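Have a look at the structure below before the remarks.
All chains are identified by letter, namely A, B and C, in their written order; residue positions are counted from 1 within each chain.
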Amino acid sequence: MVAAGTTLVDSGLMDALADQYESANPGVEVSVVGEASAQVLELGRRGAADVLVTHAPALEELFLADGLAEFSEIAITSDFVLVGPPGLEDRLTGTIEEVLIEIAAAGLQFVSRADGSGTNEREILFWEAAGIDPSGEPWYRETGQGMGLTLLVADQRSAVTLSERGSFVAVADRLGLAPLDVSPSADLANPYRVTLVVGSSDAASDFARWLIDQAPNVLPDLNRALFGEDDLYRAAG
Amino acid sequence: MGFLLEVFRDALSALSGGLGGDLGSVVWLTSWIAFVATGISVLIGVPLGTTLGLSEFRGKRATTVLVNTGMGLPPVLAGLVLLLLLWRGGPFGAWGILFTPAAMVLAQAMLAIPIAVGLTASAISGLPLAAKEQLAAFQLSPWNRGAVAVREVWPAVGGAVAAAFGRVISEVGAVLIVGGNIRGETRVLTTAIVQETRQAQFGQALAFGFVLLGMALVVNAGITWLQFKDAAR
Amino acid sequence: MNPVLELDIRFPPSEPRVEVDGFRLAEAEKLVLFGPNGAGKSTLLRVLAGIIHEAEVPAAAYLPQAPWMFRGTAGQNLDFGLSADGRVLARAVAADLGVNDLGLRARQLSGGEAQRVAIARVLARGEEVVLLDEPLAAVDLRDRAEVAGIIRRRLDGRAAVIVTHDRDDAAILGDAMAVMLDGRIVQRGPVADVFAQPVDEAVADVVGVANVLVGDAAEVDGSLVSVDAGDLRVWGLGDAPTGGSARAMFGGETVTILPAGSAVGSARNSWTGRIRDVRRLGRLLEVVIDVGHPIVAIVTPGAADALDMSPGAEVVVSVKATAVRVVGGD
């Protein structure tokens, strides 16, 4: 059993990784469940998932502090990207904080996932860094849904949203959304943590270890095959 | 058992205030969207169903099959079709109602109309031959004839309304797709339940579920009460 | 006179099969459709009403065989399909028929009351042609003649087709009568003629044989009324107003044939005449005696043997007054 953060499932990467592992290890079956990071960790807590792939540092810390992980490592990194209706990319530039302050000041529509996902957790941290509390503002909308549906809402309502880059690239050609220019880009790094829940099977342990060890080898090919971009998902470290 | 008890306790405490302002807006939105959608489905579906039930024409059987299929229309399919129609650049994109309550009303009406049509038609078709013949003998206008027929079988038509309302209020697939579950705008009880479940807020999800059940109970109790009151006379 | 209704009806595929060529209904004619169950009477009426087999038929007021009471009060049911004037008229007819409490729930009405509401409703309609399917079926026996008389009066000036299998109802309601068997009209003529002279045994079997004497109500004696039909005075039960036209009816089996010169005691209806015709009617004999008016009697062969039944023989015929029904009106 595997559980993964929604963005990795939304982008298609998680299924591709599982396929690759299964073909290298005949007879092993990996089930991929797409949920928000909070839910993924909850599944781990309840023993319903063995290998957790999450990107919500604050929640992960709590999980590790409770001694629920056999082992846990940051294995894959991608980026967050602010996307919005075309025409905004010239107007909104600067650091992520500056861009968010500008959005709030202009009252530009912003769609938040508000679903306890890693993306959502990071978005909240960005707002805090910008010194703004957007909740309840008329321009701030919360979907409570996954990345895919949130991107659809942002597109149709001409709003800005924060997305994991792979999830955005996977649907970008069908939407009218364009990435905003945020610098420095290092602020937008999105680390995924692979965690093996205590008491999991040897097979699960092997898969978790494979994800951590083999990421550098398999990611470049998957990037090209799935997204046509070389460095969308990178091995951490 | 400990887990279930804990969730149940969470649900009760959520009901007694924990859901806060969200519950109010979600219940209000759920109610008016469901009532408007049911109303539309009744206004369109009952006359259509009456016409179908009273008239004999070539292709009536095929029409009935179509309506019955519509009664089982998968909500997500309805949602998808509506999403495509309302998508900016799509045929009705100019309306700009995707991810608004208006789109949710449309989606629910789309699902409820076949139910109103099908159940009304079957109730009317079930009228005894003597009643149908007497109705024809009155030589009323089509509208009045339909009104007399509906009045005659109204407990069954009331059941059709209840079924349409039940379909509308319990539906999640279509309203999630075309509504987007936007907090305070398009978040209804069913989509809120999905969301809370995905975030492992089982207590809150269950609390929303209780409210949903309560609403369905109130509406059905009302209609059943009317039916029994009528039967007693 | 132009017929108000004329059509050919042939639709073998439907059940029961009905095949009638050149069905005509004259202006203001009251035609009774008579026949056993399943003969196609109601089906023919439905065709005439335009309910089935979309024939070119004039708009008609139609009373179905089983009038249906819809939800609501008797009054609401009375109003269905009627104009404001029609509703006033319907109330008057209903009052004639003894339906006074229109506030009752229609579903709680007895069969007879419901039928009266349905009759009032259909008679208040404005169409030139009225079609009634067994209008008296649910009316109590003791009220039937009265209700039939009211229907007859309210049909005045309009053409009507009335389905019945009751001889008395047919005699009161109809001018003409058509006997249906197996989807066809096998005999059609004035009511009295059809009853008196069935064309064959099959028709005789269906209609029975009845004597209908048309004349004027002459005298009242208690519950008895006399009708003068030509030279013949016939006493019977009824309440026809004296001076007005009236009909006296009695079945052929109620007629007794006695040897000439017999003392007939207290029988008021006894006349001397000559035998005109004797026919075999199944196991029975149909004897026509001319007493100034042909009287048809049905007798057993045994009774016939005791008498000289050859045509021309003089006999006395007798009918009990209580076996004769007298009804006022045309």
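Quick notes on this one:
What we mean here is this: a contact is a pair of C-beta atoms (placed from the backbone, for glycine too) under 8 Å apart; a residue touches a chain by one contact, two chains touch by 3 or more.
Everything numeric in this text was worked out from a predicted model, so none of it was measured.
By number of C-beta pairs in contact, the leading pair of chains is A-B.
With centres taken as mean CA coordinates, the chain nearest to the overall protein centre is B.
One simple way to say how far apart two chains are is to compare their mean CA positions; for chain A and chain B this gives 36 Å. Measuring from the averaged C-alpha position of chain B to that of chain C gives a distance of 57 Å. For the pair chain A and chain C, the distance between C-alpha centroids works out to 92 Å. Residue positions of chain B with contacts to 2 or more other chains are absent.
Interface of chain C with chain B (complex): residues 46, 49, 51, 59, 62-68, 70-72, 80-81, 105, 118, 122.
Listed in rising order, the residues of chain A touching chain B in the complex are 35-36, 38-39, 42-43, 46, 111, 114-116, 141-145, 149, 152-153, 155-157, 176.
Only residues 128, 130-131, 133-140, 148, 151-152, 154, 233 of chain B touch chain C when the two sit together in their complex. Partner chain A is touched in their complex by these residues of chain B: 3, 87-88, 98-99, 176-177, 180-185, 187, 191-192, 195, 198-200.
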